[in-house]
Amino acid sequence: MISFIVLLPFLSAALMSVVYLSNTNTKHYAFYTTVGIGAPVLSTLLSFMTGYELLSGSDTVRSTLFEWVNIGDFNISVAFMADRLSVVMLSFITLIGTLIHIYAAGYMKDDPAYGKFFSYFNLFMGSMLLLVLADNPIMMFIGWELVGLCSYLLIGFYHKESANISAANKAFILNRIGDFGFIMGISLLFVSLEGSGFTFETIETNIHLIDHDTLSLIGLLLFVGAMGKSAQIPLYVWLPDAMAGPTPVSALIHAATMVTAGVYMVARYSFLYVEIPDIGLFIASIGAGSALFAAIIASYQNDIKKILAYSTMSQLGYMFIAVGLGAYGSGIFHVFTHAFFKALLFMGAGAVIIALHHEQNIFKMGGLKRELKLVYITMFIATLAISGIPPFAGFFSKDAILVAAFASEHYFIWGVGSLTAMLTAFYMFRLLFTVFHAEASEIKKLHALPKSMTYPLVFLAFGSATAGFLGLNAAYGGSSWINNFLALPESELHLAHSTEYMLGALNVLLAFLGMGLAYKMFAKNMREVQADTFMKKLVINKFYIDEIYAFFALKPLLVLSRFIANVIDPKIFDGFINLSVLGYTRAAFLFAKLQNSKVRYYALYILAGISAISYYMLFKLGVLS
Amino acid sequence: MMEHILTYIIFFPLFMAVVLGVFRAPLKFLKIGAMFSSITTLLLVLWLTYNFEPHGAMQFIQNLPWIQNSGITYFVGVDYLSLVILVLISLLMPPLYIYMVHENRKGYWYNMMLLQTGVTGAVLSLDLVLFYLFWETMLLPIFIMIGKYGNGKYQFNSMKIVLMTILGSMSMLFSILYLGYIYFETSGIWSFALNDLAGLALDAKTSIWLTAGFLLAFAIKIPLVGFHTWMAPAYGSAPTPTVVIMSAIMAKLGIYGVWRFGYGLFEATLSYYAPTIIVLALLGLLYYAVRAVTEDNLRKMFAYSSGSHLSLIALGVFLTNIYAWSGSLYFIATHALASAGMFIMIGLSYKRFKTVRISELGGIASVAPKFAFFFAFFALSIAGLPGTGGFVAELLIIIGAFKTNFWIGVFTATTMLSAMIYIFWMLQRTLFGTSTKLCECSDLNAREILMLLPLVLLLLVTGIAPSLFTPFFETQLNASLQDVLTAIGGLQ
Amino acid sequence: MIDQLLLAFPMAIVVIGAFVLMLLSHSKKFTLERLNLVGVLFLTISFVMQYQTLGAHSKDFLFEDVFGRSFILDDFATLFDLMFTAGAILTLLINNDYFKSRRYFSGEYFALLLFSVFGMMMLSHAHELVTAFIALEIASISVYALVGYHKQNKVSSEAMMKYMVLGSMTGAFFMLGTALIYGAVGSTSLTEISAYVAQGELHNMTLLIVGATFIMVTILFKIGAVPFHSWVVDVYHGAPYPVTMFMASTFKIAIFAIALRLYIVNFAPINNFWTEILQVITILTLLGGSWLAISQNIIKRMLAGSSIVHSGYLLIAISSIGLGSELAAPAVMFYLLAYFLSAAGSFGILSFIASQTKGQMSYEDFKGFAERRPYMALFMSIFMLSLAGFPSTIGFLGKFYIFTSAIESGQILLAGLGILTAFISVYYYFKLIAMMYFYPSQTSQEKFPVNVSTLLIAMMAMLIIWGGIGTSLIPFVPGADGFIDSAKQAISSLQ
Amino acid sequence: MTPNMFFLLTSLLFSIGLVGLVSRRNLFVVYMSVELMLSSINLLLATLSKILGDASGSVIALLMIAVIAAEAALFLAMIIHLYRAKKSVDSDSFTALKGVKVHD
Amino acid sequence: MLEISIFFILAAFMLGGSIAMITNKQTLFSAFGFLVAMIGLAGMFALLESRFLALAQIMVSVGAVVVLSMLTILTINAKEENLPKEPHKYKWIFFTSVLVLPFTFLLYKTLTLLPQSFSTMETITSKVVGKALFSEWVLPFEIISILLLSAMVGAIVIARKEIVKKEEHS
């Protein structure tokens, strides 16, 4: 049954692409909508059925389609496994994915390449589901790669703009750098465990066979993959650029799929990472760094989608803090809640953008509170959720992470996390206030929004508000249901309830501080940030990281390539050949020059030959002696 | 039928060519005849594949005395290794003929038929002299095709490829003759049959020199870094059908040669060269990829791409473990399909836009979506995207590399990155964006899709269900690997 | 008596033919074409009669009571005779058009050609050094005259001058060597020499060795070994095409007849004495020949240069004989046959083209030839491939045997060098193919003229392919195996 | 009178012939050098005949004289022809046969 | 003793004649040198008691060949300016003489290995020669005729004036 969760989107993608390619000119709106939304809906139903099955007691649900490859000990099947972790992932991927599909049906209505879009979209869903449901690292990797490909296709969807394609390329290549690490990790894992099967289950059983150093290396390499996919320092630069794609794509990438894959992967390998806490700490540090770094940049961005993009990166940083410190349940919990409010934020932003005829600069918006009431309310809920205002979803999950950081006595990471929480509140409310509250510089006629774009917002707002209760921990009167359900190998954390309350209060305080700051600065009048000081300039230009990468990675590559093309190939390799040819022809020329057409010279050569032979004979025969 | 089938497969195209040539067939009949020969061959090959015993060794053997005085025999047979390439050749010919359907120069057709015979013969022959014969024979059509129907500095490039390749084959000839003589010396009779010569006990020094003779030929054909300067000019100048065969089949014959004759004859000595070749192959992997990044000519870019991937295949062959070997073998097939598709696409793009320069293209996706789809599909399959066969192969080779040595593994894994960079940048500049030059062009028509579809489907099938194909070679591959390992073990 | 006369008849008929042609040449009735046919007739009779006796003789001395042991009749000589007569027939028939197109040919041309053939045949049958010398002189002097036959052309005369000056110079060494051998042995009969060599020891055979070395100088000169090569390119170039063809394909082989006989039989016990000299000369010949060949632009000169390289290959095998290779002697025979076919064919095509056009033929003149004359271009390509030693042609098998014999005798480096020069030869042969095929033609396609010349050229092209791939599966047409068997049989008749 | 004296004479004559042939440009001298070389062999043959007490040497020398005559005929004919064509007996003036352009 | 002095005189004449032959600029003087050498050779034959050979030498070599050569020279009557100017003649002669030395030395040294005495056999008379010629040397003798014939044909072909005067390329 669970195979169909994966297969349905793939099949519908294939069907739509064939239909699309065979009639590129006609637009079968109804067909694409039906098939394109039908498949995720069915997948959603199936995944909820699977979830129900797990809730009612069974441990994992498996399904093997066919043997993929079988060489030596490399026996890989196309097989799916739904355990608790994947079901949690599955539930929100399918659900939110479906909502985004519905939203996209409205958003993309007028696009001539509507069919293509849905085909890609379903492919994306399928790949993500494959990633999540894979029962072995290889299948997971395939899903992992396909997700990257789909992101490429979708980010570059508006392919007439070369910049969009550049963004897509950047996304894909940086992902691929991550994959480079990932595949090395997998290969090393396989080689280390050769002969004892290669599904997650057998790996978990045999993980003790690998020595600590190798394991650390594997863990690190796998995390490189996560860095790429989940946009962590230093492989994050693609994420903001990925906003080039249509907004539903951003929503899908940032909320439900793709970027969370890294977190999921670390959680999936939790049995491995618990053995290597030092790598975990490294992961957490990267996460903390990314969280703060992204928050700082986000505070100075103008583009509505880019702010959200950096916020995603920042939130992902939180998740990595959690999984790095061994609080896998909290990490996944944050993934879960984040999916709701981030999807909501993006879809809201998309609605705003559509309404304002593709305007993305927040400082050119303003005063939309009344015109887009529904959007405003839902986005407000989402902003509260992401800022960590109780009782919205973000508070509980973020709090759980910070508590875990505090409890594991990594106070610095905790401090960074808290600071980021404040910044989060600041930049999110900055966005909200600027877009909805501040005075608009000019009055625009708004584009009407279709219903398919607004209804999902409501649904998601509900989720953003309530999803946090699923993981209510003991201090707040819950039982950490999601943690218990996931049953991942958590590190044991003990913290007094009073400390937890204090931490929670501190977070709320910081969030309100950020909110207040934003209100003071942006609620009334709009002041676009000026790059007047060096620091501001640095931040606005995103610390020049793109430029640094271009200078240190891309430029040398091009220079090297031209160097090979212009120097090494023609001068050294061909040069060697040409030199030998030249030497030979030169010798030939000199020899032919002896052939000067004068008979006495010819006779002279003969005489010289005879003379030489005679000389040789004299010695050989010993006549001289 | 059964015992002659390989002979039919080898010589039917040549026979058709001769018949058509003798009767000076008009163009229409020539085209039909060529198509007929390719389809007949394909059917024969399919029949052969159907009857092929997956776990058996050499099959459909035909061994006839040829030049008895020197023990040269007409000795052909097929096993898993040759079957792969045999199927590829016969599979590629019909699409190529479909591609050429509007080609009105008769020489094209004759040369392609001759080429098919040459390549097929080289793959199937088990007598070294016979192999040498076909190995050289397949060069002739290439020579003429590039030199007569090519573009750019085609006359020079054609000469260059022929000379460089013949330099290699001459060194191989020397080794062949020497081996034959050693056999004569030890047994008193002449023989150049592979299985006879394989049993020779050579002293280490001789063996090293003889191996070098063979390896030079194969290194030039593959080509490894340093032996490659013929490659880009030749690919750049060759007409599309030729370049397809060159990239898809001929380059693979270098690998095939290492496998069949390198491991067949000098299994132990090859390990003496393994470190050098591994270094060269790793170097090539990156070198060609980096070179391809700034290449403006699509044909040349994919020539370098081809070089990069063939280096990877060569690497796999020299890593003696089952993963790397299966990966290489699998890569031979899938890269052939992908690069064939890619070069056909480049040819089609030349037909439409009259250029193969990236800087002159752009925005194809807007004007010709089907074209863009196929173009991107083949480009991505070359890059080893999951879901296409190339991924399976690369994965296996990477695993094999890690099994051998961590650092080799790391360098091998860069293949994940290297191809991406140039391919995606190329796609950006050709398919996407807008171009002022390409105002209108026709999208792919049904005929063109018909010729591309088999390749696409095969690439997908090889990528999605490799287990359909692995049983054909796994047992035998493992067996020969064990032989090699035993031999290397015996050396130490 | 009668049967002996019958055996001598093939040779006699050639010289009779020469006389007849000489007499007929001044008759007005006999046009060149008819004279040509008369010559062919005589040669064909000779060819057929010899073909019948092939395989029947080994070491028969003809008219032993009269001639002593100076005229030997064995399969070796017969095979060579067959090649000479065949070469002459081909020269006459293929060049039929050429003779008609050039007005300077006259009846004496055919007489001289037949005299020359007679000299060569005598050379292959000679079992006595003075006879051999005189036979060589007959052949040479006729060829000198033939080279200079086109008297209005200054290059023809010049070629004759060069050939004659240098030929006489080295010819004297043959006689000097003979004199020394005579001094040592007291006889010039090869039988006596063999006996002397067999019972003597190396150190007291200085005279004989030095004499034989001088004889070798002449032989090396005639086959164009470096540094005795300088005439080859100029003389081949200067001579009229039919003569060049005759020299390249036939005269060169004739020299090997006596060289092989001396080397394999008479000097066999001591022939490794020359190994080092021969090796050095071989290296020089291979390199020098290929240097000459690649620097030429006129096809005739290129072929001349390449013929030096081919002599180099043959020398490899000859020095292999000295080192005790069993395979080398048949290899030389086979290679001669292969070279004979390929060289005759390529020069034949050149002369055929020359009969249609005027002017020197350089590489550039062949541009677009394949479009103009597709069949001729195909045949030319086959000849070039055979000369280059491309597999599936007889030239490949020739090289195959040469190199295996070199390996057998342990001359690995020489074999390597041979293969290297074979590689270089690919360049200048393929360049011609490239010229023919790669360029468009300025004029439209011409009809394939079906006449004796073209049919013969086609036949030779097919023979080359058949000699390379022909199998013994088909009866009566023995293919490559048959040629090798003949070569082996001929060599075995020597012993 | 010992054979060595004859041998020395033979060697010298042959060598002088060789020197003349190589170093002179006058075709007549070249021709006479060839004749001298051949004649010196005759001297050798006669000496050998005398040493060995065998008539063969003399017979060979006799035959050689005929050969010399034959060569002489052709050689002289050639010189006449060449002189007629070019009004020169200088061997260096016959340099029409050049394949490659050699820079002088 | 007499023989030795005759030998030396003859040898001096021969060597002098041949050196004169190769050094003289004027063709006719060269030819005279050659004539002297040839006559000297005939003398040598006589000294070696090969009378028939001496006679043949006088008659054929001197009487026919040399005289023919001189006639040719006179016929052509090459003028001074038509004779080759050989500015480096002596350099060439010197150089080639050095080059030829190993050969000369080898030839001489090899020949000295022969028995150092003449046989005491009677003079090689024409009878002996004739007998030998028609017994064991009959084949060379026969084919000599063909050689002479072909040389004659060749010489005629080369030397005769052509009726057709048209420059053609070969």
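Each chain carries a letter (A, B, C, D and E) given by its place in the written order, and its residues are counted from 1.
In this section, contacts are C-beta pairs under 8 Å (C-beta built on N, C-alpha and C of every residue); 3 or more make two chains touch, one makes a residue touch a chain.
Since this is a predicted model, take the numbers as computed values, not measurements.
Following the contact convention of this document, B, D, E is the list of chains adjacent to both subunit A and subunit C. Among the remaining chains, A is positioned farthest from subunit D, on the basis of C-alpha centroids.
Of all chain pairs, the one joined by the greatest number of contacting C-beta pairs is D-E. The most centrally placed chain, judged by C-alpha centroids, is B.
For the pair subunit C and subunit D, the distance between C-alpha centroids works out to 26 Å.
Inter-chain spacing, taken between the CA centroids of subunit B and subunit D, is 64 Å. Between the CA-based centres of subunit A and subunit D the separation comes to 95 Å, rounded to the whole angstrom. Between the Cα centres of subunit D and subunit E there is a gap of 6 Å.
Residues of subunit B in contact with at least two other chains: none.
Among the residues of subunit E, those in touch with two or more other chains are 92, 96, 99-101, 103, 106-107, 110-111, 114, 136-137, 140, 144, 147, 150-151, 154-156, 158. Counting partner chains per residue, subunit C has residues 130, 134, 137, 141, 144-145, 148, 151, 155, 160-162, 165, 169, 176, 183, 206, 210, 233-234, 238, 295-296 touching two or more of them. Of all possible chain pairings, those that touch are A-B, A-C, A-D, A-E, B-C, C-D, C-E, D-E.
Taken in their complex, subunit D has these residues touching subunit E: 1-20, 22-26, 28-29, 31-33, 35-36, 39, 42-44, 46-53, 55-56, 58-63, 65-74, 76-81, 83-84, 87-93. Subunit A contributes residues 600, 604, 607-608, 610-611, 614-615, 617-618, 621, 623-624 to its touches with subunit E in the complex.
Contact residues of subunit D toward subunit A in the complex are 18, 21-25, 91-92, 94-100, 102. Those residues of subunit C whose C-beta lies close enough to touch subunit E in the complex are 15, 18, 22, 66-68, 70-71, 102-104, 106, 108-109, 111-112, 115-116, 118-119, 122, 128, 130-131, 134-135, 137-138, 141-142, 144-145, 148-153, 155-156, 160, 176, 180, 183-184, 206-207, 210, 238-241, 354, 358-360. Only residues 130, 133-134, 137, 141, 144-145, 148, 151, 154-155, 157-162, 164-165, 168-169, 172, 175-176, 178-179, 182-183, 186-188, 233-234, 237-238, 295-298, 301 of subunit C touch subunit D when the two sit together in their complex.
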